[in-house]
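What follows is a pair of complexes built around chain A, which joins chain B in one and chain C in the other.
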Partner chain A sequence: MDMFIATILGILAAGSPLVLASLGETISERAGVVNLSLDGAMLLSAMAAFALALTTGSAWLGFLFGGLTGAAVAGFLVVVSVYLGCSQMAIGFILTLLCRDLAYFLGNDYARLPGPDLGYWSIPGLGGISPVVYVSVIAMFLVWRWMFFTRSGLRARAVGESPQAAFSRGVKVNRIRILCVLTGGFMAGLAGGAYSLAIKNGWGRPQGCEGAGWICLAIVIFGGWSPWKVVAGAYFFAALQVAGIHLQDLFPGLPGPVFQVAPFPIMILTLLLANLGRMRRVKDLAARNPFVKKIVSGLNASAPEALGKDFNEDM
Partner chain B sequence: MDITLREIRKNYGAVQALRGVDASLRPGRVYGLLGENGAGKSTLMRVLCGRTRPDGGDILINGASAGALNPARALAVGVGMLQQDPLDFPAMKVWENFSLGGRGGGRAKAAENLANLSGSFHFSFDPDMRLADLTVGERQQLSLLRLLDAGVRVLILDEPTTGISLEQKEALFAAMRRLSKDENRTVIFVTHNLEEAVDMCDDILVMSHGRVTGEFTPPYSKEELLTRMFGEDAARPVKSSPAAAGRRDGRETLALSGAVFEGEGFDLADIDLCVRPGEIIGLAGLEGNGQEPLLRGLAGRARMKAGRLLLDGIDLSGKPPERFRFSGSHLLPAARLERGLFPDMSVREHFQLAFPELKGAGGTAFMEASCRRFRLPVRLSEPAVNLSGGNQQRLQLALIPENVKLLLLEHPTRGLDLESCRQIWEHLEERCRQGAAILFSSADLEEILDHCHRVLVFFQRRLFADVNASGLSAGALGALMSGQKGEGL
Partner chain C sequence: MSAPGFRMAAPVRLVAVAAFAVAATLIILLLAGAPPLDAVSVILDGGVGSRIRALQSLGVWTPLMLCSAGLLLTFAAGLWNIGIEGQVVMGAIAATCLLRFFGEGAGTFPLVLGLLAGMAGGALWAWLSGALRVYGRVHEIFSGLGLNFVAIGLTLWLILGPWRQPGAASLSGTEPLPDDFWLPMPGGFPLWQTVLAAAAVIAVRIILTKSRWGLVVKASGQNASAAALWGLRPGLRALQAMAACGALAGLAGALQVTGLYHRLLPSISSGYGYTALLAVMMAGFKLGPVIPICFFFAILNVGSIQLPLGLRLDSSLAGVIQGVLALSVFVVAGLELRLRRRKGGA
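And now, the complex of A and B:
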């Protein structure tokens, strides 16, 4: 039983930065902007959060600073793409590479130093739980409430579906896009801070969160841009990673890297399964069989109509 | 609310879309805005609702300048526009579409406002349905209600009768009368349909080449309106004698037995059909009753789930689109720019794709000759997106291969002016004389009666009737379209 609880807590902890970053990206993409800089931004934020925490001695100040760093990277992306009309994809790609190098260059002085962390908030009977778990759970509810039950959430989704239609209804398209991308970047930055201050403590090369940003981008697609499914996807990936650690003990004969790499192909397989509903044969089957139809329609999702498309007010 | 437009000008590059438009609009009236394609109707209306920024001129509201408008400000002063293609969010729910740009509010409040408004117009909506599952007509009704919810005093309707059913059209006209007469709002009805304008409007403004060229009040003279729209010699009616009936000798161009085609959300089942060379067949019926799956299926673009399809004697059942094309079937989609052409590719590139053997100077000469023949007054380097609707259709015609056997057209003249329609039908009938068979869908009954040998009537998503066109009256065809098989047919 203890083993079971420990595994669940492990999954919750490993999943929380993934939840934060993928929800952030979901917000940004629902408003129509792909933030490809996610991976680099998370790494840079992880470094910035750790560095500030080390300097000031306050892990929470560092955590917040990580968020601000993520927002700053997103801010650069959004200004260049929304206002200066450059391609979101190209800028995002370059930013992710730039931020990665910048993180290792600027963070050199802080590498392999012991530093503060966010500690644990215990629940009696369960044990210590990292504060980032609480933060990510609160974030889930906030994002869901905001996206589907507030005026601004409705506007944000509208902007991602059709900026033309939103504009002609008096919505300030660019302002909403900017706010959404900044919020998304802030959450990705918190995810970076969560890694260096809680989940994979400390800074060094390579930091444990390298590659997590790319996984988050995939999780958003896997989750069909819907917050709860995105959350489920994040925990699923975390579960695969945690399972890998346990399986390693069970099968000592297999080389270690197999278990580290296994989550990635399994993720691809899951993506494939989740999108089965788009195949013609499955469509036909669904038309005949109501049970299959229910499953397929639950899994199917399409991207926001205007995702990645620029918007120009004048026509 | 009085509105005065003063010297409104707008240029797109070298094209002067509006060359100084003056007009004044008073409440309680339905204004018709008539004009051929490219006359500047839509541009002018987009300026009025703040969607397009004019290069010059002024809009006065109750005598005071409204300044620079954007959609938010226009809505705030009470000007709203119903776009030709519904400008809404198909992936979102009905209540969300209603709330956004209306008075706002959450699910409960929006649903309540919607129920109240739709009740008073005898419309009905389920607030939790996805908009994508509604018909174009219903989406338009929802947009109309949203604008009323927002409190507009000036309502602009841009070609609102395109693509909606007869019942929806009547409901829309009733609403327009009520809004102007009973509620003292200004209604502006943009159309190229003369009949509808004459029926509906208290005032008709005619636009031509970016100017208002005439303002008329009842009783209207249709001849005079036509002359103002098109100039002196174009007012003659569309020619109305169908080309020689299809040849009865030789083998059939198309034989369908027990065919089932997959449509959007339904299957068009049990189609038996024979088409002879040179025959022109019109597909009548309310939109979305199976015309599209049949036309697309005959080009191999809608999946054929059962049955047998012989094209010129060759069995093509279930074969891929390129086999259909190779065998002489050619489809001209209604969405010219989206499905028929490549928006950013030039006229030259379109020719090169359609006729890969064209090369060098000979190729250019062929293209230029082709453009002259199809009266396509554009440079070969012009991208398709810059062509007007009529020129896009002429380009599509010019790209049809010489040896085509079965020509399939969705709404061949939708949105085109009379002169373009006449030229297009002239060309299509020429193709028939050369032995091609034509199937086309149209919402315009006159077009069907004028040009067809046979009419296929679709009703409730099946092929309802297959009748000879000679001696068929508009009334009889209308009855068939509403599902009545009367005597004498």
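And now, the complex of A and C:
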């Protein structure tokens, strides 16, 4: 039983940065902007969070600074793409590489140093739980409430589906997109801080969270841009990471680094699965077979209509 | 579209890009508390300061150029071949795998086979990514990225497992290949690498400007549904462009093994696939400017190796400068567009 609880707590902890970053990306993609810089931005935020925590001695200040770093990267992306008409994909990809190298370059002085961390908030009977778990759970409810039960959440979704229609009804498309992407970037930054201050304490080259941002981008597609499915996807990949540690004990012949890449082929398979329902042959089959139909409709999800498409208010 | 208005002359644009990049790099260097002029002189001295270092930079130019040439084909087909990094790695694995079958004294024939195996390995990996896009609707950014990690995992498994050095397995790589299979480097000059990279440049230029296939690929990349109506089979073209790019990337990987390291290493690709992506984007997806940009990037990569020794800075500064440059190109192009629109009174 202890083993079971420990595993669940492990999944909750490993999942919290994935939840934060994936939900952040969901917000910005529901508003129509793909933030491809996620992986680099998370790494840069992890470095910034740890560096500030080390200098000030306050892990919470560092955590917040991580969020602000993520927001700054996302802000650059959205301002350049909205106001200068640059391709979101190209800028996002350049930013992800740039931020990664920037993190290693600026973080050189902070590598392999012991520093503060966020510690644990215990629950009696369960044991220590990292504060980032609480933060991620609160974020889930906030994002869900905001997206589906507030005026601004509705507007953000409208901007992602049909910016023209929203604009013609007086919605400020650019402003909403910028706010959504900034919020998403802030959450990705918190995820970075969660890695360096709670999940994989400290900074180094490699830090250990490399590639997590790409998994989060895939989780958003896998979760069909719907917050709760995205959360489920995040915990699914966290469970894989935790399982990897146990599998390593089961297969001592395989070197450890091999297990670290396991999430990636599974990421491709889950994307394949999520896209199956959109293929004609599978649609035909679903029309004839009610069981297949049930599965397909569960997996099926469509992207926001205007996702990745630039919109110009002046035209 | 062609409203008479503001249009920056090419030299003005270059100066603007340089000014942006220099300003951003300066800020970053000052943030890191590094002396900017010293950093620049260490990099330049490390990259072209002596004959050997200049030849090293040329040696880095060749895989960058091979990858960039391939990427021009996939970009023409409208594809983001981020999986190119894994294609380089798979080329290196395939070449090493083939050469391991031949023992010492087998002559230079297996070397040629090894390079071909590298091309096949890269092409297969790229095809896989393309097939996931064409048949499985998985975006090539995700399939390519996932396959990159798989290729790296495979390398680590081979180095620590089946191909480990006798004695202790270590991350320093497999046992060196017999020197029959080392690409000849007369006077330290990467002759064959340069010849192959130059051949790839010429081939891609001819394919994209003169051949029917190139035209069809470009048409498919610009408007897949229109191309399908004309019977141009855009899915097939995407797969062909991916495989061609993968073959060039795989060749780059095979050359890293046979020409430089003479073994399989965990970081055999040195991130050249990603660097080539930056170079091609910075060149505005055009072949002409890619050639000097790859040279410059190669000098940065080779020169920055001296940074930790000389100035105690991390060598990732090369990647920072490359990224800042690529970003500056996009920002300047965007600013230009905005200025032109404003002057045109749109």
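As a convention for this text, the second predicted complex is superposed on the first by the 313 of 315 C-alpha atoms of A that agree within 3 Å, B and C clash if a C-alpha of one lies under 4 Å from a C-alpha of the other, contacts with A are read in each partner's own complex, and residues count from 1 in each chain.
One rule holds in what follows: contacts are C-beta pairs under 8 Å (C-beta built on N, C-alpha and C of every residue); 3 or more make two chains touch, one makes a residue touch a chain.
Only a predicted model underlies this, so the values are computations on that prediction, with no experimental measurement involved.
Chemist: Overlaying the two complexes on chain A, which is it for chain B and chain C: clash or fit?
Modeler: Aligned on chain A, chain B and chain C fit with no clash.
Chemist: Once the structures are superposed on A, label A:217 by its partner contacts, choosing first (chain B), second (chain C), both or neither.
Modeler: In the superposition, A:217 touches chain C alone.
Chemist: Let me test your reading of the model: by the given contact rule, A:145 touches which partner, first (chain B), second (chain C), both or neither?
Modeler: Once the two structures are laid over each other on A, A:145 reaches no partner at all.
Chemist: Looking at A:279 after the superposition, I want to know if it touches chain B, chain C, both of them or none. Which is it: first, second, both, neither?
Modeler: second
Chemist: Examine A:162 and indicate which partner it touches, taking first as chain B and second as chain C; both and neither are also allowed.
Modeler: First partner only, chain B.
Chemist: Check whether chain B or chain C contacts more residues of chain A in the superposed model.
Modeler: Between chain B and chain C, C touches the greater number of residues in chain A.
Chemist: With the two structures laid over each other on chain A, which partner does A:175 touch: chain B (first), chain C (second), both, or neither?
Modeler: A:175: touches no partner chain.
Chemist: In the superposed arrangement, which partner chain does A:154 touch: chain B (first), chain C (second), both, or neither?
Modeler: Touch status of A:154: first partner only.
Chemist: Using the touch definition from the top, say if A:268 reaches chain B (first), chain C (second), both or neither.
Modeler: second
Chemist: For the superposed arrangement, tell me the lowest C-alpha distance between chain B and chain C in Å.
Modeler: Superposition on chain A places chain B and chain C at a least C-alpha distance of 6 Å.
Chemist: Quick check on the output: what are the common chain A residues between the chain B footprint and the chain C footprint?
Modeler: 314
Chemist: Inside the complex, what are the residues of chain B that reach chain A?
Modeler: Against chain A, chain B makes touches at 46, 49, 51-53, 70-72, 75-76, 81, 83, 87-92, 96, 99-101, 104, 106, 303.
Chemist: Using the touch definition from the top, list the residues of chain A that touch chain B in their complex.
Modeler: For chain A paired with chain B, touching residues are 149, 151, 154-155, 157-158, 161-162, 164-172, 280, 302, 304-305, 313-315.
Chemist: In their complex, what parts of chain A are in touch with chain C?
Modeler: It comes out as residues 36, 80, 83-87, 89-91, 93-95, 97-98, 100-102, 104-109, 205, 211, 214, 217-218, 221, 253-255, 257-258, 260-262, 264-265, 267-268, 271-272, 275-276, 278-279, 314.
Chemist: Flag every residue of chain C that touches chain A in the complex, lowest number first.
Modeler: Counting only chain C, the residues touching chain A are 28, 31-32, 80, 82, 132, 136-139, 141-143, 145-147, 149-150, 152-153, 156-157, 160-161, 169, 274, 277-278, 281, 312-314, 316-320, 322-324, 326-327, 330-331, 333-335, 337-338, 341, 346.
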